[in-house]
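Below you'll find the structure I mean.
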Amino acid sequence: MGEVKYSVRKAKIMALLKMAFVYAVLLVPLVPVLMMVAWLFVQSISAGPTMGLIPRGITLKNFRFLWSEIRFGLSKYPTIWPIVMNSLILALGVTAFEVPVAALTGYALSRMEFRGRVALMKLIIALHAFPGVILLIALFYILNRLGLYGKGLLTLIGVALVKAGLGVPMDTWILKGFFDGIPWELEWAAMIDGCSRFQTWRKVLLPIIAPGISAVAIFAFMSGWGEFLIAYTYIKRKEFYPLSVFLYSVIGEFVFVDWGLLAAVALFYILPILLFYALSQRTLLKLQLVGGIKG
Amino acid sequence: MEIRSFLRKLRPRRMPRLGRALPYIYIAPFMAYILITWIAPVAITIYMAFTECRWTVTRMRFIGLENFIRIFTRDIYAVDAIYVTAIYVSSVLVINAFFSLILAIFVTYFVGNETIASAIRLAWLIPRITPAVIYALMWRWFIDPRIGPLNAMLKALGLPAPSDWLLTLPYSRLLMIAVNGYVGASFGMIIYSAAVVSIPKDLFYAAKVDGASDFQICRHIILPLLKWHIFFVTSWQALSLLSSYEHILALWAGAGTARAAGVEVWALYAYSKAFYTSDYGYGAALSVFLVAIGIIFILFFFKVFGFERMMQPSRVEV
Amino acid sequence: MAQKTTTYLVIGLVVGLIIGAIIGVAVAPPKGVPKEEYDKVKSQLEELQAKYDALKSVLGTLPEDGVIKLSAWSAGSPVDYYRAENLKRAAKVLEALLRAAGLNVKIEIDSYYEHVSDWGAWKSKFVAAYEAGEAPDIISGIDMAEAAEAGWIIPLDEYIEKYSDVLKDIPDYLWDACKYKGKIWGVPQDVASQVFYYRKDVLREMGWSEEEVEALADRIAAGEVTWDDLMKIAKEAMERGLVEWGFYHRPNWGTSLEIPYYEAGGEFYDLETGKLVLDKKALKAMFELFYKMAQEEKVLPDTMIGTSWRQIHMGFVNGRVLFWLGGSWHWGEWQKVEYHEKLGKLPESYEWENIGFAPYPALTKGGRPAMTTGPWKYYITSQSKYPEIAFLLCVFATLPPYDADHALTSSHLPVRYSTLHYKPFIEKGGFLYKVSQYVAKYGITKPIMHPKWGILKEILLEHLVKVEKGQMTPDEAVDSVVRAAQAELGEELIVRG
């Protein structure tokens, strides 16, 4: 490093420019996204359809679906809350089915030596090469085989199970990363204290990887919350439709749409996920997919 | 719950000498899931690729290699689809794996205020967490030459603004890259950010004391430490992109339009064959082809990036 | 009120006939009646008796408690909900009929309606139900040829024969559209007809007299005004800044885009062989027309395909576009959706004042204008336990009052001739009445009953985009379409011209 002559002022300007550059890179590409969200918001409180960012009269009537009956042609939903409930069952179901299994397997992959361990890890990566698209047809067949067509709540749970199965490889991989980051000594000490291997896992290790657990829990919740096609295909009665299917009927062909209502429902649909993420930022920052960094 | 009671029985044994079975008990539920949702469907799909299957899985007619022969000899769209897929995967990968790295370092290392950093990260997550249909709707508004703000902004900047973004090449492909890039950037951003956060701060302080500039810190401390993360994100995202299609489908609202716009990627082509023209057998063959390419990718990553080192346990079991 | 009365009349009439028949057969020949006359009446009555027995035989599989449970899935846009509602009303009619005939039954129908936007998903939903053995009795909105091939639906010829007298006012051309491989697989529910719209207010601004404006529709219908003439008018209107665009057409593939192809003598499906057809000459005429519009005269945006429906409707409804290649249902849609920037939903009086309609113009002077029409169909699934009852419900769902309700709500044409004479329809259905007059003269039905038609449509759409964008000349597009279609369809395609 050569000797640098500088005045305090110059350094300040340089620092300012640097930060300006940093913020420009971070924020300028965000402009479209923020505008789109703003549009969605404006639309949802606008009395008439608006194509710009200025509402045509402000109203809350687009959010009326939250407290009053909703009609689409003949379909009538007395209230939206049972639908929200279905979505919650689905999303929480996926989380409940997915996370414990991923935690068990992640632990085994990280801490145990067994035949087929490396093969299993390779398999997890390889599964990622299979496009979910086309598995759909085969999955439909399997769901039918399991007799899960049109069974209401049971179908919801079945869909949750399938979604959990689809998500579990990725989660396992993430949690394995978290387990890798825990010093082996900790576990060892617990076992010397008389804990069984399972107890150690549950009482010592799980609390430590709580951030990882909540990260995969969020992913799982999100995948359940967003599920559309399987739910639409397999759920027969509209009492058991989740929010995503409901939204589909709102969107229609982009023709008959009540834009305000659509925007309001869309916001309502995204909001929980957004909140979840906002609250779990710190957790996400602890994600370690490829082992911790050893300084 | 069977596992729990089973393990409870084993409790008297103090030392973890539960025999060879224990790891398999741990992975048993996982294997059950995988069997139902992955192995079985994959097997069915592979079999389906060798059949003519027009309606349902229950009615397949074995036709041997016919579908694959069709891909290589008679399919007039295959070459285009490969070309589009290559453009798509490589361009979006640059955003997903490298631009996201810049974003992560900037937001984690440079932005001091944690609240602001959080807000920025959250904003970058929006495209990812918005359902595809709504995301597509928002983009349709944004790019609309008449009412959307994009062209107005471009014109204000003196840049060329096409009369139509959806169907005019090369704009349609730019759009495809942007739409998917926004979705993908956050994945790398989260993983890299987490990695940067986990670097002990002392390292930065020490370097600063030695007179290193921020750029040098990034170049000589952060980047080397993030090597594995970059490898991981690159390969993972390459595979994800190879098989992703839903945002293209949502925005172009139909396979026919996507083809005309020059944005029909291979996965979308397979989807449209299966679900729009009900040629499930051929759609399956197209996906099996895609999987073959994916596997080649994986082997490549394993070899070139020495990916296998990630498979090692962090500590060797006693 | 009027509807109810008519419903009761219809019920009363049929019930009366049946009861009359029973009584008539039981009674001995009255004295003093000529033998001929008596035999004629007697044979008529015997026929009715046979029908009554048939009706009873329908119920041969009756459940113990006399409750017949059926389910139906209907689909469409939000204004098409009578597709489901009318089945419920039909169930009431049939129940009343059967009761009147002395059969104590109850018909419960679970009539589900959905506003479908992804037909692929709708089909998957049906297939899933079918595979699980829980298919509804009545389904619509799936491809007939495919469903017939797959065995999901049953042929209805036997029933149609049996109940011909309640079906005879459904025109033959609609039945033709329900035929596949020599059998009839569907019951017509409504008729979609393409309608060509123009803005009267713009023409007035161009200095046309009121008579000229009003006469345009007839001149188009007479083949005096062709596509080329309209392009000239469009160009003038654009040059004078009265409209932004001369023409708009639909943003994805649909029958309205096929009309020039039919006008040039082409067809996409050969009834004889059941194969798909490409007529190179007609294909060229079709591509040339759109090429001329978008590239030469520049009266059609070259980005039409993929434009949002909303934008299209707003363009025409607000008078920014002169001609719209639409369908009869749009007339109704504009009254129900807020497209107009000031008025919101259009009152019908505004439409009559400012919007004119005609068949699609002819390709050449003196040529024949055209409008394609085709029925929406109910199908009976092969898993139905009461196919005959399900069939009767589909039939009764289009009794004139119900047919009229659906037509007036959805702005589709009714399927029965009698509906055209049904008073409430005549009173409120001025537009549809006029359209059906055009249909009677210029209507063409081109059912394409091939499970692989979807593949050909994709190819056509792709090339239409390239032609309108100027990336391909019409000649190149014809060659390329033929090449692609031959590769994809092989033996199942006939190329002509």
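For clarity, chains are labelled A, B and C in written order, and residue numbers in each chain start from 1.
To be clear about the criterion, a contact is a pair of C-beta atoms (placed from the backbone, for glycine too) under 8 Å apart; a residue touches a chain by one contact, two chains touch by 3 or more.
The structure displayed is predicted, hence computed values, not measured ones.
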Pair exhibiting more inter-chain C-beta contacts, B-C or A-B: A-B
Relative to subunit A, chain with the most remote C-alpha centre: C
Separation of mean Cα positions, subunit C and subunit B [Å, integer]: 43
Centroid spacing, where centroids are CA-atom means, of subunit A and subunit B in whole angstrom: 14
Where subunit C touches two or more other chains, by residue: 124, 127, 131, 308
Sites on subunit A at which at least two other chains make contact: 140-141, 248, 251, 254
Overlap residues in subunit B, where contacts from two or more other chains coincide: 56, 58, 144, 253
Residues on subunit B engaged by subunit C in the complex (per definition of touch): 54-56, 58-59, 74-76, 140, 144, 146, 163-164, 166-168, 252-257, 259-261, 272, 275-279
Contact footprint of subunit A on subunit C as seen in their complex: 77-81, 84-85, 112-115, 117-118, 121, 124-125, 127-129, 131-132, 134, 308-310, 313, 333, 336-338, 344
Residues of subunit A defined as touching subunit B within the complex: 1, 18-19, 22-23, 25-27, 29-30, 32-37, 39-40, 51-53, 97, 100-102, 104-105, 107-114, 117-118, 120-123, 125-135, 137-142, 161-162, 164-166, 168-169, 172, 179-181, 183-184, 191, 194, 196-199, 222, 226, 228, 244, 247-248, 251, 254, 262, 266, 269-270, 273-274, 277-278, 281, 284-293, 295
Interface residues, subunit B side, partner subunit A - complex: 3-4, 7, 10-11, 13-16, 18, 20, 22-24, 26-27, 29-30, 33-34, 36-38, 40-42, 44-45, 48, 56-58, 102-103, 106-107, 110-111, 118, 120-127, 129-131, 133-134, 137-139, 141-142, 144, 147, 149-150, 182, 190-191, 193-195, 197-200, 202-203, 211-212, 214, 225, 228-229, 231-232, 236, 239-240, 242-245, 253, 267, 270-271, 274, 280, 283-284, 286-287, 290-291, 294-295, 297-298, 302, 307-308, 310-311, 313-317
Residues of subunit C defined as touching subunit B within the complex: 120, 123-124, 127, 130-131, 146, 149-150, 252-253, 301-303, 305-306, 308, 311, 451-452, 454-455, 457-458, 461-462, 465-466, 469, 483-484, 487-488
